[in-house]
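Look at the two complexes coming up: chain A is in both, with chain B in one and chain C in the other.
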Partner chain A sequence: MVAGLRRDRRVMRSVQNAFAAAFVSALVAIAALEYGLVTNDYSLSVVFEHTSRNLPLIYKMTSLWASQEGSLLLWLTVLTGAAGIVMYQNRHRNRELVPWVAAVLGGIAVFFAGLAAFVSSPFAHVPGAVPTDGSGLDPSLQNPYMAAHPPMLYLGYVSMAVPFAFAMAALITRRTDARWLVSVRRWTLVSWTALGIGMLLGAHWAYVEIGWGGYWAWDPVESAALMPWLAATAFLHSVMVQEKKGMLKVWNMVLVITAFSLCIFGDFLTRSGVVQSVHSFVQSAVGPWLLGFLALVLAASISLLIVRLPTLRADHKLESVVSREATFLFNNLLLLALAFAVLWGVVFPILSEAARGVRATVATPYYDFFLVIFGLPLLALTGIGPLIAWRRASPGSLWRTFRWPVISGLAGGAFLALLGLGSSPAGLTALSLCVFVTVTIGMEFARGTAARRAIAGGSWPRALRDLVNRNRRRYGGYVVHLAIVLLVVGVTASSAYSSVDEANLGVGQSMRIDGYTLRNTGLFQRRGPNYRLEYVRLQVYKGGKPDGILEPGLRQYDTGQVGNEVDIRSSLLTGTDLYSILQAPDRNGSGVSVKVLVNPAVGLVWLAGVVFALGALITIWPDPREARQLARRYGELLARSEA
Partner chain B sequence: MSPRPRLVVALVVGSLLAVFLAYQALFNSGTLLVSVAQLRSDADGAAQKQVTLTGTVVRASRTSDPMRFVLRDESSAQTVAVSYRGSVPDAFKTSRRVIVTGRLENGVFVAQPDSLLTKCPSKYSSGGS
Partner chain C sequence: MSTAALVVAVALLVTGAVLFVAWPLASPDAGPPEQVLSDRDRRVLELRERRDEAYQGLHDLEQELHTGKITPADYELERGRLRAEAAAALRELDGLSEPDPLR
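And now, the complex of A and B:
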């Protein structure tokens, strides 16, 4: 593959074919493993350890990524597939960059193929006689979300390799103008969207399946996906500054390297078992290899960056801190500060053991503190950034632009305080900022639509559609901002303003929580395919009137495991969930132990996911206008570099 | 407007760092993570303060309230009784490795509500959950 360095068209063709061949072979390997999984071939240890005969077909198939070996194979397949697409997309473009892109992607692919082939083979056999049945898949993984959540995250982790490869290629060839950025924008968006949706799917899975009433626990492995997402968010914003102003070139390189390294680090974290985690698995041989690979990636990319620093001089200087570029820069600093704080929390046990000789961990309050202290200014910038002028904004223009958003934010805050939401100052601030941001976005849409209608005429909806079509990137971005607002409202409301209570209820007894009354009307039993379900029937009353039934239960699996079966009643109107957990059935006449939570507006978190996907789709969708604009800018850049 | 944007940017970076360091200094450094043996031998004062304890479940009953279970050290035969209230993870059962936060009181480890986590024994991995 490295032969592609010579600028020979035929060699490039063969590189393209090599990636296609690698993709096909990875696919064949996956198909072979799937065949083993589906046909109960228990001589394969992967199949033996993760499936059993009574497992439904769909979960036999998805248990491919329940194993480390299988997920490595999936990782490799996605990577070679992505590399193949990159080669195809760029077959007539970026002639100088692509050979190096191929070399970097090829290097990464070889590393993972090596792991799958020599360190952690998916086709290892069970020692001794072939077992007649497998040991089964963990019950909590027998869930539709588990079919979608891991591949989504893999897609996110893996496609981050493409921007990284382009960045390295740009550094090597000294083509450090905005061209490599243009080529990788969509890839970064794909990776970032997949990570975001993957995290939300996981959060929803935890919410409905794990059953502690929450959806995010700052588990190190959750943080592992959050950190590259934060770095990629920073990158997506600072890219605009480099494209428009030719600034922050070094910074963008640093962000790409950070984002990709955090992806590898996330993989290392999940595999090595160095950090105590719900997800931490048996220590595996893969850990040291990944750490070594991470060190190699960091050392190589940073030294390359240092060698090429002179080619990355900024075209413009920052003129004022009250400007769009400065806002973007602050947004970047906050995002990275947050990512760093999370990283510090994740590696804290290791650091503390090394420095003080004792192991210690940080808990939720640590993360919540930084989420609030760095997150709230970030939210404010979400409103300010898109509206403030480039270069330098005057006080007068600031007032004109932000008059209404600021006033509505303050008014909204005052109104919410009257409703009694002042009990959590951070929550109240977050919600007021959400009003501020929503009004700025609404104004942008209204102003743009009105202007469009003034030019082209026609109806309002049509003008809106044209507006979005003509600048997908900008308005798609606003839709994503809207999703962030929904997410913040949902997270704030369901964490700062939730109520929780537990009680021991005998039959006929009731408990009250937040205006609801729940009465125990009896304990029941039912037999499932591979478990026995015990559940309590709770009659819900609101304002004295019957308001539905909740039936939380416990599954007693035949294998001896116990599983929560929570019952959630969601209100479509307010997004508020009444969440019930059966903690212990009645054994000695003292009643069943029930825990009930009222999670206000938690539905908005999931709605945010849908809006996020929509916004991301708008920005990713191919746009002929944008392509023409880029072609023109290419031309200018070329002309300038030749002059 | 500020004549020196670089200065302001530097100040912002500085203040972010300051917030971070101040938090580390003030709320110092999380809870101690100990094994059953370390708890028993009072290593680093583990028996005197709130710690996060890891061990293997040897006896568990879901019926009593608060729930009782016994944790055994992962590399010795030492055990400690745990008293726990709150939600119990799906994967909780005998022979699972768990993590729980609380403090030792009269020989019983009294856990904080809802602080119990099970370590997943499978090699399963996913990103966030």
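And now, the complex of A and C:
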């Protein structure tokens, strides 16, 4: 703030060094805690409560973020690292904004450093004598996905602070032109991509580890990551409208404030213990602090926005509701409506408990209802948006542009109905819309490549490469749309058209499900590094022929904890999973209790993650043409301000 | 690691951090203060953004015509409007004695 008010270059250089020093200090603290974890230093509470001597080394290391205290330290490290990168990136540009960006990021970092130092210290000691062994790590966290899932989500949550800081700096300095958007677009993409991949990693972890047969249960902590992702998705679309038309300036500010506030709210949900979740930490003292911080963020940012409203007037007005900017606006409204429906589902049990003393339950049908109500129109807009013209579209051009996608969608729907998929009207509609969107994406690539070839000549692959290179944001975005289609097909098929059955099977007995026969060939035991596994061997038959073996089991850890070990057979061709769970071993001669699911096309959900990452990478990749254009627009003016 | 070694290590880390952060403040090379953009500069930026929006609009329009999203009649109408917007921004930029690097 002093650097911003006094415009003193020495103070700004000191600020830049302070962020570097904060990052290095946080890294040293992480290294010290990791040292305690891998050397079994049970004088530290975190080490005692989350590890044991026979825990494999990799899980001793990842247990750092299994604890409230360690994860706060990780959060602080990622935040100071991101702030340090921002300072380095902007050492020669955005000189008017950066002191205030630093002030906001510094304020956030000081808050989290205060939590880690005074409220929830990762270096707190165990009272009394030092124990000889630890309590052990929760079995569900002893999974390779836990090495990547939480850090990825933290990267997503924390990097959302950068767009927020730039938005606040733009409001403080009245620099509400498009410059701040240019500076934050890539950071928003990083945050959005990390949240998206983090959620999918978490979904896969739940699928292979938790052992209930699904991957998304509308758990409050899952929803906590989804809400800012939805708000960021809205921002990434509406930012294009501001860049191209000078509209939605207030709305973009609102979206950035909303996305960051939802990140803090998500952190509050995870850390406060107010919700019951497999992902949350135990109740702790950080909850009220985080709630207070959220209130401060909202009060300060909304007040500033109101004061600066006169500087946020739109350059143009919406010319037609049948235009690309209008579809982006509808898309934004639907995304936020979905985010707030999810938010209400999360907070309602908390509010009902506070008001009436009884915790109400918001079950899956509530979320599924809003997912269908808001999600299907959103899916349709995913196809409509790219094909519709900016400003306005005439009825003639609409028919010419949309006839093949619409005909394909209807024909695809009819074909799927003939295959018997009409049992779920919402599922059939979603799949038909997926056909519609896929055709629109294909048409965009085909027409764009043809147009590029007509202008520059060359082969089709070269024209396609040039097309993507010349507009990475647009075509990377289309690849992300394709990922959304894959995700919707996978989720729809595996939820609306799955089969499930349970049985008690003695040795030699069989059960049938969806064309498969599973025969119990016996109960076995195996020793692992820190557990004993008891598992049933199920011989699988399809069409009367052997088709592999499933071995679901239960792990009895040396620390006394019990963990489920599901076994899954995946078909690479169809993406269908045969998913088996050992619910209870044979204790009284009635046979083992097993649950089996057939999840069609669930593999597409994971494939969607790969395509999503590819599309995001194309979009994030720096574009020298765009950099040159921005240099022409801002270059010498900013140089003058630095003279 | 003994307690004494730990204390020395932490002291070195803290001292290093404090020196690193304070060093620029003690530097004799203060340089001129950062300048903020004047109202005229802000207006120039605003006009350049409008000019670039119009140029980008013209570029999009060409693409939309080539990919069949608009009819030739719509194309002509919109092109005229966008060119007029760009020209208005350029005229005002000229009035502010601001040469357009694209021309």
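Everything that follows uses one rule, which is that the second predicted complex is superposed on the first by the 617 of 643 C-alpha atoms of A that agree within 3 Å, B and C clash if a C-alpha of one lies under 4 Å from a C-alpha of the other, contacts with A are read in each partner's own complex, and residues count from 1 in each chain.
By definition in this document, contacts are C-beta pairs under 8 Å (C-beta built on N, C-alpha and C of every residue); 3 or more make two chains touch, one makes a residue touch a chain.
Since we're looking at a predicted model, the values are computed, not measured.
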item: Three-chain arrangement built on chain A, chain B and chain C clash or fit; value: fit
item: Partner chain(s) touched by A:P127 [first = chain B, second = chain C, both, neither]; value: neither
item: First (chain B), second (chain C), both or neither touched by A:R179; value: second
item: Which superposed partner A:W390 touches (first chain B, second chain C, both, neither); value: second
item: Which superposed partner A:L333 touches (first chain B, second chain C, both, neither); value: first
item: Partner touching more residues of chain A, whether chain B or chain C; value: B
item: Degrees between the directions from chain A toward chain B and toward chain C, using C-alpha centres, nearest 10; value: 140
item: Chain B versus chain C as contact partner of A:G457, first or second or both or neither; value: neither
item: First (chain B), second (chain C), both or neither touched by A:D138; value: first
item: Smallest separation in angstrom, by C-alpha atoms, between chain B and chain C in the superposition; value: 15
item: Those residues of chain A which chain B touches in one complex and chain C touches in the other; value: 392, 394
item: Residues of chain B that touch chain A when the two form their complex; value: 1-2, 5-6, 8-9, 12-13, 16, 19-20, 23, 27, 29-34, 43-44, 52, 54, 62-63, 65, 67, 85-94, 99, 101, 114, 117-129
item: In the complex with chain C, residue positions of chain A that touch it; value: 6-14, 17-18, 20-21, 24-25, 28, 95-96, 173-175, 177-179, 243-246, 315, 387-394, 396-397, 400-401, 444, 447-448, 451, 454, 629, 632-637, 640-643
item: Chain C - residues contacting chain A, complex; value: 13, 17, 20-25, 27, 30-37, 41-42, 44-46, 48-50, 52-53, 56-57, 60-61, 63-64, 66-71, 74, 78, 101-102
item: Residues of chain A that touch chain B when the two form their complex; value: 49-50, 65-68, 71, 138-141, 146, 149-150, 153, 156-157, 195, 198-199, 202-203, 205-206, 209-213, 216, 219, 221-222, 224-226, 266, 270-271, 276-282, 284, 318-322, 326, 329-330, 333-334, 337, 340-341, 344, 348-349, 352, 358-363, 365-366, 369-370, 373-374, 392, 394, 502, 504, 560-564, 581, 583-584, 587-588, 590, 593, 595
